[in-house]
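Input: structures, listed below.
You will see subunit A twice below: alongside subunit B first, and alongside subunit C after that.
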Partner chain A sequence: MAVDNDEVRSIIVKYLKSGNPLFARLDEIPLDESLLELGYIDSFGVIDLVAFLEGNFNIQILDDEINKEKFGSINKMVALVVSKS
Partner chain B sequence: MPLDLLVSKLVDCTNRKFVIHSDLTIFGRALPRYKGYAINVFRQKLNAELLAIPTFNLHTNHAKVIDFSILDASMGALPLEALSVLNHANSIRLPNPIHSYTFFPSVRGLEKIDCSKSFGEKSVFDYFYENNFLWVEFGTFSGDGLTLFHHLECVASVPYRKKIYFDRTFLYDGQVKTVAYEYYARTDNSYAQNFSAALEYLIDKGVVTSVAYNERQILYGSVKEISLAILAKLRCDPYFLVKKV
Partner chain C sequence: MCGIAGVYRYQKHIGLRAESLNAALKLISHRGPDDTRSVVVDDDFMAGSVRLSIEALEGGAQPITIGNLTVGFNGEIFNYKELARKYELEGLAVSSEVHFLLHAWRKKRFDLFHELDGQFAIFIYDSSKQELILARDPFGIRPLFYASHDGGLFFCSEIKGIFKLASNDFAFDEIGIAEIAMLWTTIGDRTVFENVKQIKKGHYACINAEGIYQTSYYDEPLLSENPRTFSSKAEAADFLKASLEASVNSQIHGEVGYASYLSGGIDSSALAFFLNKISRNSGLNTFSIGFENEEYDERAAQNAVKQALNVRNKSILISKGDIANNFRSVINHAETVLFRTAPVPLYLLSKEVHNSGYKVVYTGEGADEILLGYDLFAEARIRRFWSRSPASKWRPNLFKILYSYLPQFNNSRYFSIMREFYQKSIAETDDVFYSHLIRWSQFKQVSSFFNFSRANGHIEEEIFKDINSSLPASFNRASFDRKAQVLEIETLLHGYLLSSQGDRMSMAHSVESRYPFLGKAFVRDMAMISDHQKTFGVRSKDLFREAMKGLLPHEIVFRPKVAYQAPEAKCFLSSSHITEQAIFLNDSCGSTGLICKESLMALNSKITNEFSSERLGFRENMAYVMCMSLTQLADLKKSWSL
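The block that comes next holds the complex of A and B.
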């Protein structure tokens, strides 16, 4: 199933907002910054997000892809999901 | 898993005092099974005589009363785990307004650490040196967590930083206290931190060991040996830990 960037971004943001009151209150969503470094999610939250993306988009994300380079911001997550869909 | 890999590398190491900076996503999808147990897993697997976890207060100001029962979420998962078990374990979070570490267990001697400063003599980093801790960067990126280097900049009196003092107020043990906090602040903004080069030097010299795991790395080395190696470099080149911007 092919998906586009906007659709994936919207689904990720909706997921983060639904489970994270801090994130839900944000006026501006940080798309290019590390959510870990900003303190919106911790490592457990990152792995939860991996599981969500795998289930939602029927893809597999490898453990060695869970890093700053490929998973370090919402836009990087979007690119990873789109490349696998 | 990465912790077992570290344990296997340390099998001949008699030093069992650890300071661990971490990014637990290195565990990958195995991570959720450690939620609520991470500190105990680290202590048991490493057979740690003493374990220090950074529970820093990174967003402080003079008007804010720091509550040591709360931790800024940006510190990450292992520090949050440390704080969540603080009251159930024989442990202590140092009342340092900025560079507060949590120790498992609480031992005699920790009270001698000067919590009114970040770096230099009698600071927590000096304690790590004097007590021969092993510094571990567990899955962090390019030495992101090597706060020890700032302590060494202070010991070496580098020319681009100077001691400054500011008030910090905190709530600890039911009491509100204010301290004049000593910090070693950068004064010259034409230089930026450049820890990755120093880290490469330490790895080349065999002072720090780098272990690859899933495109990530685990780094470890003796605080004493790291300090002596970096201080020797800083004596020759006071700008060894920075680069011109």
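The block that comes next holds the complex of A and C.
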């Protein structure tokens, strides 16, 4: 399934907004910062996000990809998903 | 064990309505199905009780009036016979706790409460002094609420009785709800209802024409300097073991049989071991919870204990449907906003105990707080240890040992990102609330599902005012671990575990729970053992495990700590089903004006997304369960005052 960056980004942002009113109310979505550091997701939230990305985009995320370098911001997640789709 | 209720017209003398008292007693009749009595003492005071007969089956009817004093109580006073001898009351008819209390009060007055060893909520009315005393045990095991309304003081073991006595539908207290979003419970004398207060744990209240004053009678042993040195770990472990056995024995009280809960962890297994020793001839009956979802299920461990101790164990199996179908009844008993569904299985377990013919059950609450068992204590130690060398690669790996039962830790794939989660929290080691900062930081997220009339900053200020006023002055001088322990006792143990999971769930089915880990002498003894002797590094309940070695199966003694958890939001709603509770929530969430409907609807879309994980995020579950309980409670409370 070919997907483009904007589409993936909007799906991820929409999903994150659905569980998090504070995030949903932001004027500007932080695309390059760590959501864990900003407090917008908790530890279970990380698992939930990985499960969602794997299911929704029908991809497999490897263990060594769930780190700050590859998973540490929305744009990094977008790049990861697009590279696998 | 009982329920109590009463009215004192202390400011406005407009007469009493005996029918409201009888109606309130009827509302709490599950607390005492064996007998109901009420008494109108004078123009200004009436009270009554419903009784679950356990001790002094014949002579224990209450309330009692002798001379100017009327006394009633709910609970057990394990050392009343010993104190009756000490106070030289034998000449008087002190054949039951309630008679003891009356005579002992006459002799000792306010010096009485700190000598009691038990779990109790007491009222004492003195008609000659025109004064009412309400008192509650040191940990708040037994509930006691009151409201000052329209010149009257209304008190009851349950909040619904106060609504009935005052014929008033009390509004929600948004600070109380916000406290649950932060601390997981209300704190101090606050409840989730405006104007409905609780007698603080370890306090008595004095009510007379001048007003209501609550005073502490309990000195927290964890904050007193009374260390004891042990020559070896084995000696300290023997001390712990002997003290726990004595605590179990001291709570064997009453004229009816008893059973025990068995979770499969070391706490309840240790209780089963000592109880089994006492009841060797008849054998011990234990009761357990199993889950259809194996992520929460502990039946394998329960079976290991059952076989090793040769107890008769009855297990109930909980499905997601059980959680959803019983949630409304659970809220009716809990009378608060729940942040998780875990009380539901305990509600069903007490039903099983009741149906098996038992009135008394022993349970392991308190062990984690007293013996340093919680992850939170070790987590705080790791964060502090890591903060001394933030660049260290291996220090944060200690989290893996600690949370091995949680998927984000036992599965190495998530660990790198978890490290990041904790990294932001390791500083601020000077903060007196350091141990709890991670938990409390969820407040901003969870509270965003609610429409509070006050700004978040103002609400947080109120919450910290409540916390600070609940902590003794010596708190700030306590060790790092002890601060964490006291905070956990003030918040989660008192406000949630002993009430929402404890008294309220067991008494829903007329079952009294007993807590040997919170026995007076045991708590005092354990405070004498140093923090690091109690548990070393990131181990959980290290010394306790040492003490139970050889008495329980090895795999139970050294089983890593597993937190009791139950399935949450997806019980009510998922991509494949929608329950009537979820429909009710969607339809009625606007009724209080406190829930942000738009946020809840967005959360619904996440819960029903076919790719969202079974567990969701922690805060999302918490927000959903809080909204569900608030909406149910808003509906239920309307009927309490009718």
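One rule holds in what follows: the second predicted complex is superposed on the first by the 85 of 85 C-alpha atoms of A that agree within 3 Å, B and C clash if a C-alpha of one lies under 4 Å from a C-alpha of the other, contacts with A are read in each partner's own complex, and residues count from 1 in each chain.
Criterion: contacts are C-beta pairs under 8 Å (C-beta built on N, C-alpha and C of every residue); 3 or more make two chains touch, one makes a residue touch a chain.
Remember, predicted model here, so these are calculated numbers, not experimental data.
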{"item": "Contacts of A:68 with subunit B and subunit C, given as first, second, both or neither", "value": "both"}
{"item": "First (subunit B), second (subunit C), both or neither touched by A:18", "value": "second"}
{"item": "Subunit B versus subunit C as contact partner of A:7, first or second or both or neither", "value": "neither"}
{"item": "Partner chain in contact with A:43 - subunit B first, subunit C second, else both or neither", "value": "both"}
{"item": "Touch count on subunit A, higher of subunit B and subunit C", "value": "C"}
{"item": "Partner chain in contact with A:52 - subunit B first, subunit C second, else both or neither", "value": "second"}
{"item": "Common interface residues of subunit A - those touching subunit B in one complex and subunit C in the other", "value": "22, 36-37, 39-40, 42-44, 46-48, 50-51, 63-64, 66-68, 71"}
{"item": "In the complex with subunit B, residue positions of subunit A that touch it", "value": "22, 36-40, 42-44, 46-48, 50-51, 63-64, 66-68, 71"}
{"item": "Subunit C - residues contacting subunit A, complex", "value": "406-408, 412-414, 416-418, 420-421, 423-424, 441-442, 444-445, 448-449, 596, 598-599, 602-603, 605-606, 609-613, 615-620"}
{"item": "Residues of subunit B that touch subunit A when the two form their complex", "value": "23-25, 27-29, 31-32, 35, 72-78, 80, 141, 214-216"}
{"item": "Of subunit A, residues touching subunit C in the complex", "value": "15, 17-22, 24-25, 34, 36-37, 39-48, 50-52, 54-56, 62-64, 66-68, 71-72"}
